[in-house]
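The structures considered in this document are given below.
Each of the next two complexes has chain A plus one other chain: chain B in the first, chain C in the second.
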Partner chain A sequence: MADQNAAAPETAAPDVSGLTKAQIKRMKRFDNPWRNPKLIWGVGLLLSIVALGILGRIFWDTEMVFTGSGLPRQAPVGIENMRGQMGSWAHPLGTDVTGKDILALLIVGAPNSLYVGVLASLIGMSIGIFLGFSAGFIGGRVDDVIRVGSDVMITIPPLLILVVFQAAYGDISLTIMAMLIACFVWQSPTRLIRAQVLSMRESGYVQMARLSGASTGHIMFREMLPNLVPYLFGSFIANVTTSIVTAVGLEVLGLGPQRVPTLGRVIYDAINSGALIQNLWWWWGIPTILLAVMFIGLLLINLGLDEVSNPRLRRL
Partner chain B sequence: MRVNRMLPLATTAMAIALAGIASAQDIAREDTVIFDLDRTIQDPENFNWMTDGTGIRRMHGAHQTMWEPLFILNYGTGNLDPWLATGFEANADSTEFTISLREGVTWSDGEAFNADDVVFSAEMALSNEELTAREVATLRAQVASVEKVDDLTVRFTLNAANPRFVVENFGVRIFGSFLVMPEHIWSQAENPATFTFNPPIGTGPYTFTSAASNRAIWDRNEDWWGAKTGFQDLPDPLRVVFLESGGEESRAQLIATNQMDAAQSVSVGTFEAIGFQNDAVMAWHSDYPFAAADPCARQMEINTTIAPWDSAEMRQAINLIIDRSQIVNIAVEGATTASQTMFVEYGSMTPFVDAVVEAGYGLSPSADAAAGQALIEAQGWTRNGDYYEKDGETLDVAIHVNSASVEYTRTIDVIVEQLQRAGIDARSVPVENSVFWGEVLPFGNYEMTYSWLSCGSVNEPWTSMGRYTVSDVVPVGERSPGFNNTARWDGPEAEAYSAIVDQMEGMPLGDPAIPGMVAEAYGHLSAGMPFIPLVQSAKLIPFNTTYWNGWPSNDNYYNHPFHWWNTTHQIIHNLSKAE
Partner chain C sequence: MTILDFKNVSIDFPTSKGVVHAVTDISLSVPEGRRIGFIGESGSGKTTTALAAMRMLAKPGFVSQGEIHLNSLGKTDILNLTDEEMRRVRLRKISYIPQGAMNSLNPVMRIENQIWDGIIAHEGAVTDVELKRRSDVALNGVGLDPEIVGPLYPHELSGGMKQRVCIAIGVCLDPDLIIADEPTSALDVITQRHVMQTLRDVQAKIGAGLILIGHDMGLMAQSVDDIAVLKKGELVEFGPVRQIIETPQHPYTQELISSVPLVGGESFLDPAPATPAEGFKTEDGTPLLELRNVTKRYGSVTALHPMSFTLDGEVPKIISIVGQSGSGKSTMGSLMLGFNAPTEGEVLFKGRDINRQSPDEALTFRKEVQAVFQDPYACFNPFYRVNHTLKFPFERFGLSKGADHTTEAMEEACRAVGLAPETVLGRYPHQLSGGQRQRLIVARALMLSPKLLIADEPVSMVDASLRATILKNIHDLKDRHGISIIYITHDLATAYHVSDYVMVLYKGHVVEAGPPHDVIGDPQHTYTQLLISSIPWPDLDRDWGSPDDARSALEGLSELEGQQEAILRGTIPGFKLA
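Let's turn to the complex of A and B:
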């Protein structure tokens, strides 16, 4: 026993002969919680979308997202469309009914959808962190106001309000759309952080900081916040997912930016132009796959982060 | 809101609606004819068509089955087919029209339809400014007085000579006609502008059964006057349903699966796809481009009171930048042609179209962006990067577009790209159908928009040209009378134009001087450019022959196929059960 304890994991390799495979695997789990396969896969999937955006802009003509860039209704390479025309390398993923290049739409649209989600979530989280800490740490009237406010807001279905708003204002930019969505994603982080802060407030190190005369801001953001990082990160990713779902929901209804391609907008155009009955599957199918990739990536990151911050989930 | 354009919602709504139809009463599918409705019935409880600018209180079946017109203009023969009236006479200078009504016509509640109803309805229109439907506004503008000669004869005295009076007001030339309302019911109303006329009655072979926001149901009146007097047989369908399909995809699915008999217009690609699934679906032509020519040519409406579009040069610049052939090829998939003038290019309009083109005012199908940009630069704009700027302001334009059809949004998408490429920061602002017709267009709440407001002429030039005279100019925020001159085009050029057009108004149809006058007036119109003619309109309307035969087509041309018009009485009477 004493020997085994003395050996550092990196140098313990010769000693594993007596262990089963499962046990070895279990040992390795202690290596570094951040080397979590779910997390790595999730990040990889999201990075592939970012890479699509970056590499696509370098190697592909993104001007082809506009109407009339090529022949309409072209199928992807090597596939025939309903009129018997063969898809070509000019438009590897085909074109829609107005001749927009699907590949270019994805290159521009997919990162745009991700951008809205990340931005909305960043804003929402910042509000949530600020309000959650204030409510939990300061307490009293401040707590009452914030708690009731977020409880009320959480009951309002965001899509309903956003649909009305966007229908009234028509064309809006991606950034404004993200800010609008942010108005509806701060409530749950506020509540969660408030709960954590309430329990943390009474812990020894906070009491100590208080006794040493640290300011409220210092205690809140320098002492307590770092302890919440994995937790905040998980909450952030969950919020990105919610924001993207909301944004895509609006886009699929034809709301949101008119001239800026997003995945939701491509799907809206496809539905609206009878792509299903015309069997233009590449028009709605490929963006749907990309959206699925994005959501699976976010889900994996979320699961991975859970395992990182909560060792019990690593099935040790 | 465009929520209702969403496929799943629409399909669910449809399933519920169809279930509702099935359970309402036992009328078999093969005895029912189902028409497509391209918009939501905003207020299904209200049947006052006279206060509705959008047409939905008529086109959900009311004026196709229940309310009949006096005459129907036959696009095939050019004649006025008599319906509730039997004929008319005009005096020598076309200022007095005497209309003879058909004998034996009754309302569905048994009351006789006669001259009292016509006189009452017309006088109601004349004395009520709040009745704003286009047909009411037109009648009000033209008629000085109306009198009953005897029970079946009515005389209209006009403000000015108008040889087109009957076809324009009572002949269903475009979409609707002035519909006569029953005096014995409407005279009970305190205020005709707020009267909802529910339950509605009419003289037609169908009576109202029920309506919801997405459908209206009409059942055959076995007691219809027309069958008793020998005017027409009872139509074959026992029930007529108008159902909101909610967009191209769902209307295509419905007609391909025989759940609908007549759809609204679809794109060429969608029609081909329907054909692959169901060979019982037909259109006007049996081959490319399938579509029937619609009398309303498309155009960009411009609000001439908003800078910088208050300058005729800027409007002309837009005209030069727009590439019409690209609109034809991309937005309409080759189903139509570029407009040369404001007029519909029917054979009967050729003399006037030719006169304008010969005078040098014809429009080019292709763009001359450089010339357009030169005009913009001459106005003091300089290009800085992507867009033109002047005094620190970017040259931008918001184009309002009705989101009810992909034809509209797609055309504007094409134009937005063309303007963007030329250095104008254009963007499209889609708005819901009722907002578009109810708020945006009539009150001038737009910079530019896509519509067909010079529509009207089909065999003479005045009706279209008369819609842009200075007498119809109202300030922004006030309702343009009958959607006329929503551009609010004013000034010396407009006055010169109006002088010639006003002179044309009273001249007899076919006067040899008219083409010359058209060309002269068009010179002013072309210089002022209060709107930009774009393309001719073609409607590809799928009809399903699984349950019903006798649909109109180029080979069976009893009239045009626009089944949301008041002329649809003829279509329904022509239907026969498929064997």
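Let's turn to the complex of A and C:
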């Protein structure tokens, strides 16, 4: 009964002889797709922002975000400001015109900006997963409504609505801001998941699961959802980027939370107080660099995830 | 005089797991006007070798050693040509006829324009009148009327016509060599015969060499002069077709030939056990499965005309439903599984309408009616180890008495289909071959011990050498486990061997039905006769007929439209076709 043929591979086996050690080492990396350099660097950059928030709260005095914590207009360590004062270790990244410590502002502000982005994206994704699955799985009227709804929403510029809304309501908390932004980031995951569910619904393993008497819930969450994970991750990261850009955009316009330091808020204050004319570059420059690090980190994660889920993009 | 010589060619693919030697040291010559067949299973390197001659290897593959000479180019090695020189060789010297014609033609261009494209790319400015004349000649050569077909778009043609257009494009510049990569694998047998005859015809007319890539020994026997047998990148046997077919030397070649089931030939099945397994029996004689005037329409298209039959499971049996694509056979399968509701009529399982069941009844129905699908690659969720597919239904249907019992049942089922449990269980689906996966699906069905199994083309995507083994496994389900089976297939030869009763479907009608020895061994209906005469046999003395035969066969098919009276050829106990 046993048949040797069944166990034999159909193609010739790979040959690892005749390769240099470095090549073999690089190949090893492909055994585990998650050990992707882009992904690791991206995660590293984002973690460094989180670490800034945590370590800063331990080793630095975050009370210095308030006005008058030090002399105004101090330059970073070792640099002279326009009045000829040298920057000191008391304020390593300098201070603004009201004497707020820039380092303390960043320690509190950077994680706040990330928080808004992640929370908005999480809410958006949850809505997207729910609506996408409903549209793809139930179909018919439900699908029509959700599809038209998300298509219409995608054409509305979020900033326009948010500016009007926030101008009307004034000061809001970070969480409310995240929820408002979430209203504009659920459309693309909805469309993505709907499309995937539609094609997956006809796939062999879903048929097999139906044949096994699986419930709709099982088919959706145990059979389909795991295969969507790479797409979900990618979409999530893209949404975090969009949300942060939107949040910072609003803050730089002077909208959004008024009393909580965020990176956008710091830049808004700097512009508002004439930091550009007074050559207080550290005031707006350092938060901008931090935002850039955040975006580069997110971009690298997205590229890395792309390679993880699509082996064809991987190169030797 | 040879046209193309492969000299010690090896092709490597550097991958993340190491270098795969896809082709190792192949030397081969294609003489002028001769047809060479490359035969082997998937992954044997047959396409790779042929594509190397066109320098069209998929990345990251490359020719690691050897030379390829095209004699009309003099002494130059093809591999040393510049890209521009190579571009001029393609189509003009070596042309390629791809596997899936439906994906190879540009959907937004008329047929003639696609032929003109090739001519202009190689000859520069040619007058419109000349272009028109050349495309007319090319289309005439493959038996298509240029006045009608020329201005059409690809979607307006049938599969066979599209494949013939591809042939016309391939030969419009009178190349030295034509490479045809499984040109008929997507076509049904009747069209296949016509397309192959057309290809042979044009090739003989322009005197080019032909490399035909395929996996079907029968098709090879009917279409080529020499056969090259490839296995895992090595050329294991090469010789004239008669020598290969009649006195194969290499065991692999012998296996390939013997794996083609013949109508009327020796059976590949194990003899039936003396005491067949008990089937399902009801007290009041309710049939296991009953179709009452089942009709299925998709919009204005009727996929299945009213059909009624009853099948009782008392003596387990295999009922084959045979037909070409579009005959309604897969529709029948999904109706019987309850995946689709009939437009009219009802499907009854043990006397109950399967489309009107309570959730509890539906679960029982699922347990008792299982299926094996066509595509073993899609049937496993790539996220889970293969155990999931076996374990989940076993537990879901309440058959499991604990984790140990499940594992034991899985191992036992694997052994029953001839798989060693330790080599397959606990692996991810992509680590297994198609044959292994399909056997696991059979093992899954076995674990659930259903009353009825719907096998929808279970072996059409599995390599030829494994087909017989998998069919044997399925046949065992009937003999040893008492499961009645509906076997849906396009392959008459396997249906002849495994089934107890055969229904031939054509455009949603049963055209002929009865025991296989009558229906397939001695067909009465025109359609069945056509099907059987179109099968390419791996037997040189059983000729395929001339191109005219093939053409008249296709014409005969179009005349069939009106005449749909079923010819019933005798009955077997326990199955009644109304």
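The criterion applied here is as follows: the second predicted complex is superposed on the first by the 290 of 316 C-alpha atoms of A that agree within 3 Å, B and C clash if a C-alpha of one lies under 4 Å from a C-alpha of the other, contacts with A are read in each partner's own complex, and residues count from 1 in each chain.
In the analysis below, a contact is a pair of C-beta atoms (placed from the backbone, for glycine too) under 8 Å apart; a residue touches a chain by one contact, two chains touch by 3 or more.
Just so it is clear, the model here is predicted, and its values are computed rather than measured.
So, does A:Val293 touch the first partner chain B, the second partner chain C, both, or neither?
Neither chain B nor chain C is touched by A:Val293.
One more residue to check, A:Ile138. First (chain B), second (chain C), both or neither?
In the superposed model, A:Ile138 contacts neither chain B nor chain C.
Between chain B (first) and chain C (second), which does A:Ala167 come into contact with in this model arrangement: first, second, both, or neither?
A:Ala167 sits against chain B, while chain C stays out of touch.
Using the touch definition from the top, say if A:Arg73 reaches chain B (first), chain C (second), both or neither.
First partner only, chain B.
Is A:Ile176 contacted by the first partner chain B, the second partner chain C, both or neither?
In the superposed model, A:Ile176 contacts neither chain B nor chain C.
First (chain B), second (chain C), both or neither: which does A:Glu223 touch?
second
Just checking: does A:Ile277 make contact with chain B only, chain C only, both, or neither of them? Give me first, second, both or neither.
Once the two structures are laid over each other on A, A:Ile277 reaches chain B alone.
Have a look at where A:Gln258 lands relative to chain B and chain C in the superposition and call it first, second, both or neither.
In the superposition, A:Gln258 touches chain B alone.
Is A:Arg210 in contact with chain B, with chain C, with both, or with neither (first, second, both, neither)?
In the superposition, A:Arg210 contacts chain C only.
For chain B, which residues are in contact with chain A within the complex?
Contacts found on chain B: 1-3, 5-7, 247-249, 252-253, 256, 266-267, 269-270, 272-274, 276-277, 326, 330-331, 333, 398, 403, 406, 409-410, 413-414, 416-417, 420, 427-432.
Quick check: in the complex, which residue numbers of chain A touch chain C?
Listed in rising order, the residues are 1-3, 5-16, 18-19, 27, 30-31, 203-205, 207-214, 223, 226-227, 311, 314, 316.
Taking the complex as given, what residues does chain A use to touch chain B?
66-68, 72-73, 82-83, 97-99, 163-164, 167, 170-171, 252-255, 258-259, 271-279
Would you tell me which residues of chain C are touching chain A in their complex?
Result: residues 14-22, 24, 41-45, 60, 232-233, 337, 339, 362-363, 366-367, 370-371, 373, 375, 377-384, 389, 392-393, 396-397, 415, 418-420, 423, 433-436, 439, 441, 463, 465-466, 469 of chain C touch chain A.
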